[in-house]
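For reference, the structures are reproduced in the following blocks.
Two complexes are shown next, each including chain A; its partner changes from chain B in the first to chain C in the second.
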Partner chain A sequence: MAYTGPRIDADVHHAWRDDAELLPYIPTRWRQAVADRQFAIGPAMMSYPHTAGVNKRLDTYPPIGGPPGSDVATMQRQLLDPHNVSRVVLGFDVGLNAAVANPYLALALVQALNDWSIDRWLSQADDRLYGALLAPTHVPEEAAAEIRRVGGHPRIAQVLLPWNSLGRPFGHPVYHPIYAAAEELGLPIAIHAGGGEVAMSTGQTAAGGVMPTRLEFHTVLPQTSQHHLLSFITHGVFERFPNLRLMLSEVGVTWVPWLLWSMDASVDELRRESDWVRRLPSEYFFERVCLTTQPLEETPQRSQLIELLEAVGGLEDVLCFASDYPHWDTDEPNYVERRLPEAWLPKVFYENARRFFGWDTELPPAATSAQAPA
Partner chain B sequence: MTEIIDALVHHTWATQMELMEFMSPGWREFLGKPESLPNAGGAWNTSAFAAAGVMPALPTNPFRDPAGDKRPGTVAASGGPAGSDVELLRVQALHAPGISRAVLGFDVGALAPTHPNPWLALEVVRAANDWSIARWLSGQDNRLYGLVLVPNQLPTEAASEIRRAGAHPRMVGVLMGGNGMARPFGHPIYHPIYEAAHELGLPVVVSAGGDAPADTLSHPTAGGLPATYAEYRILGAGALMSHLVSMVAQGVFERFPGLRVVIAGAGFTWLPSVLFRFDTNFKALRREVPWLRDLPSEYVRRHVRLTAQPLDPAPVERVRRLLATVPWMADILCFASAYPNRDMVNPDAVCRLLPARHRDAVLGANAMALFRWPDRRPAPAPPASDAVGAMPSGQA
Partner chain C sequence: MRYDVGSLGDFPEAGVRVVDAGGEEIGVVRWRGELFAVRNVCPHQLGPVARGPLRQRLVADSVGDPRPDPDTPVLACPWHGWEFDVRTGRPLAGVARVRTYQVEVEDGRVVVAKR
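Right after this comes the complex of A and B.
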């Protein structure tokens, strides 16, 4: 029995077609230097294979040219229409473009990306398109200002922290102005996988040393997000900002039992070292956090995945479907549908994300783009 | 009665002076006589092992448990730190009925390989191994066995130390200790260590905490350094995940097909998730590691063991459900008390988590088949393979 209700896709990546499309949004102060490639629109990446544009499904290159995720029509044809998706949250190509060392250029790029996204995507007639706003994490006060500048747009759904620019886990008090602004605007925070794999990053991507292959890097990829989550508890982000919610994107889901049990087991130490840990870590987790499903771990048997997820109890209220289109390891909805317990599907595909984003009107089962207003 | 093997107990010297007896006169003079230096061993040295007035021989561990690092009552009557008194350790760690063997694996002494002076690190490690043999493995209790600590910052010297100290019959394995080169342990720089361990039939123990000392350049956590001990403790398993993934991916078990590795002190409830992620990624990315001929999880099954410590106080039924998602989990878990650490476990606690049919394996049989016991002749090591690191020609 297939799930036929509406679907929300919480992590989709959109991109600009070429520099010319983005340049008008970049302030004149920086525009010529960017156009001349004196400054790239993005950082020097570390040398993991597949970071330079081939971490995408090859079939997602739009027929009209440009990189995957840069053409609305292709996205509609490949993702929105065939998979009955009622709403997507666009999150750039994870937004590491702002992870440049120069904080002034970083701010200019973030503002340009946000303006471009609102102008070119979130103003489309297709009202299934929602987006994240990018926060410039170098200077948290500037991030707060940027959230207040564009966060009121009706199709902005969350605040994306793309780069751990200060080398501290995101719960650290230095980042708190970001959360004050996000809470004020009613926007949840999204932390995407990775974020340290750029030049001059001090927040390492793996404990124990630098990983040499993408196989190793990607296998332990959840470690950064695990630390961000724990630091939100250690530093009282959920206590200081009682309405703030957190989404962890693209780090899979099967590590949750270990981390929740381990956090709760150390609540004595947590309380001795922090004034902010007032409840069990797992209570904060179930009340405030959601995880996107992608990449849903491919256990040899479906029952292994279900047993692992059910071991913790209550995870059906935490998971939100995400395809991660057009990345190389996209999870299509029918794949997720085959893997999870049938009773979880209305929550995972729709209800959890609708509650998380605070969308209080019922969404209809998806229209196709042919039916949507032109 | 079930035979119980305790795969990791932490022993230590009472003061640095006890260790220095095993160091060369030159190094002894360098570190100083007690009271010869004002304030040394004082506020800046949190290791608490340096005698007053000498320079500390060990790197500092910046993460201390605010609730106490050690189980109350384990400090020796003589005033030495927990784990420094053979008699007390015999009474407290070997008292449970059925404990037939226990493997000693140092305490903060295991951090020595990360000392920024590689020559001092080498001398401390040699002295620690000689101290262990003389003070613990020479008739004090015939249930005690040891691990050869390796100066892994100098992998060639480390291999020599394995061949030297590992010749002692009561040395049953190798201890990597602190991460001296700040690389995941699969990195080829470390392979001479595995070559020597493989040759002698000794398993390699990778113990939690090796990425924490003040001097190492690897991080104990990803995403930034921890602000608190609790973060370090909760996420400390992450570095062990990295080392495990790295050793499999970098072909350590292809190069040394008889080698076994023990991941110690990091718990085990994270393993199913890491294995499923690893196998999934391998299907797409195996061209990065063409020397791997099996799924990563198969290497873990054949070559890797985990100590069942620490235990999280999650409901037993939930933990059992999680364990059952890896059908051979009970074949790779080994009981270890981690005495005298605060999070030490006893055999009863491990038994409660396991279905009855798995108890003998986890309490003793798995460790019996793992270490190089003097009364068990190890199978001769299969020949090392040299395919690792080569990219196939790609001629189709």
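Right after this comes the complex of A and C.
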């Protein structure tokens, strides 16, 4: 095997074992309503049920019970230990709770999730476990307050935005309080695919109308994040927040050359409406944005994938490995390794994420769980 | 090499059991009385294909009219759901096959033959 170095996994999903595990973190005023099942806090009803009945790898159910992603030991055994993963960024089960329709409940749930994650996962002795803080996006000022409330924790690595609640792309000025708070704390933003696939969600999934099938839903995942990236650049988010970084998670990779070429080609003609876009869009992109590798496009031939990725220079400095464990569309590290150019592997598996998350000091060699008991 | 992987009674109808045959995991399927054996490695990302659900193939003769086909037993990989006809190892889509082995019953014992 060509790559033997450490890996950083930028997109892993953790979950609570059952409602009882999360309930103590929910504010008293909501606890009774949740306990009475007036509101579900567990897995929300999926608008696009997976054909296997669950959108997880079926071998990731922990032997002690509970849903995939709810047991540290199982995650260590299946992901961290065998693949020399020195850090993971945990991002809930995509954090769709932020997009539940009731904005007051959404805020209470998001705060509970953040407290639960810090308490149950990010305080573990296993110092490979880092996490995202979930932002409540109904009211951006509340998101900023939540970032300032928990964003100083040493193992919080980024601010997670599931897709938008307000019907506007994420560069819109209404969201800027979120970016001010994130920049203040030195935290990058992650926009993760998801938000529209649960019933009664306010997240918007794609243009062109609501998709009736999961195949449509899953295939057009990149569409929404492309819009958000475009919005970040045209609304001057990177100009207004000069130290802000953005990660686009779980939306594939090969569309990037098209989007960069399209933006750059039109910027001169369209500058009159957005004079604050002072540089080429591609320059902002390569300076501030990273993408996770998963789901790495499954071209029939490896050479086709490489040709697509190399069509615009510099993607080897932008891609950060992500497994998406324990979700069903996971990419195994060994699979990613077989698909990408060998010279890219140290950057994609490790260096790019280390730089993106500001983990500038050399990380210790990946511990095994025997050395770092949970 | 031939490997005795258990008594026929250990292999329930319409079920799949993963057995060890010379250090290799093999999924043995019993379907309408016949036995089939596939390597427990998915050609996609090397997932444990034989630990996924065993189902009838879903076919549609016309748009919006799906029906299960009891003649075609299909294993779906528990990771990405790639489906394979367990009788031949052929994928329902694409070209990558899962490896199959000969399997027979001798004196009530299930025997897998590996070349």
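Definition applied: the second predicted complex is superposed on the first by the 351 of 374 C-alpha atoms of A that agree within 3 Å, B and C clash if a C-alpha of one lies under 4 Å from a C-alpha of the other, contacts with A are read in each partner's own complex, and residues count from 1 in each chain.
Assume a contact is a pair of C-beta atoms (placed from the backbone, for glycine too) under 8 Å apart; a residue touches a chain by one contact, two chains touch by 3 or more.
Owing to the predicted nature of the structure, the values given are computational and were not obtained by experimental measurement.
Undergrad: Based on the superposed arrangement around chain A, label chain B with chain C as either clash or fit.
TA: clash
Undergrad: Contact-wise, after the overlay, does A:E342 reach chain B, chain C, both or neither (first, second, both, neither)?
TA: neither
Undergrad: Is A:D119 contacted by the first partner chain B, the second partner chain C, both or neither?
TA: neither
Undergrad: Which partner chains sit in contact with A:R57 here, chain B, chain C, both or neither? Use first/second/both/neither.
TA: The answer is second: A:R57 touches chain C but not chain B.
Undergrad: Could you tell me if A:D18 is touching chain B, chain C, both of them or neither one (first, second, both, neither)?
TA: neither
Undergrad: Of the two partners chain B and chain C, which one touches more residues belonging to chain A?
TA: B
Undergrad: In the overlay, answer first, second, both or neither for which of chain B and chain C A:E332 touches.
TA: second
Undergrad: Which region of chain B runs into chain C, 134-142, 170-178 or 386-394, after the two models are superposed?
TA: Between chain B and chain C, the clashing stretch is 386-394.
Undergrad: On chain A, which stretch or stretches are contacted by chain B in one complex as well as by chain C in the other?
TA: Touching chain B and chain C on chain A: residues 328-329.
Undergrad: Along chain A, where are the residues that touch chain C in the complex?
TA: Listed in rising order, the residues are 50-52, 57-59, 328-332, 334-335.
Undergrad: Quick check on the complex: what are the chain C residues that touch chain A?
TA: Residue list for chain C touching chain A: 45-48, 51-53, 76, 78-81.
Undergrad: Could you please specify the touching residues of chain A with respect to chain B in the complex?
TA: 49, 164, 167-170, 172, 195-196, 202-216, 218-220, 222-228, 230-231, 234-235, 252, 254-255, 257-259, 261-266, 268-270, 272-274, 295, 297-299, 304-305, 307-308, 310-313, 328-329
Undergrad: Can you name the residues of chain B that touch chain A in the complex?
TA: 65-67, 179, 182-187, 211, 218-231, 233-235, 237-243, 245-246, 249-250, 267, 269-270, 272-274, 276-286, 288-289, 310, 312-314, 318-319, 321-322, 324-326
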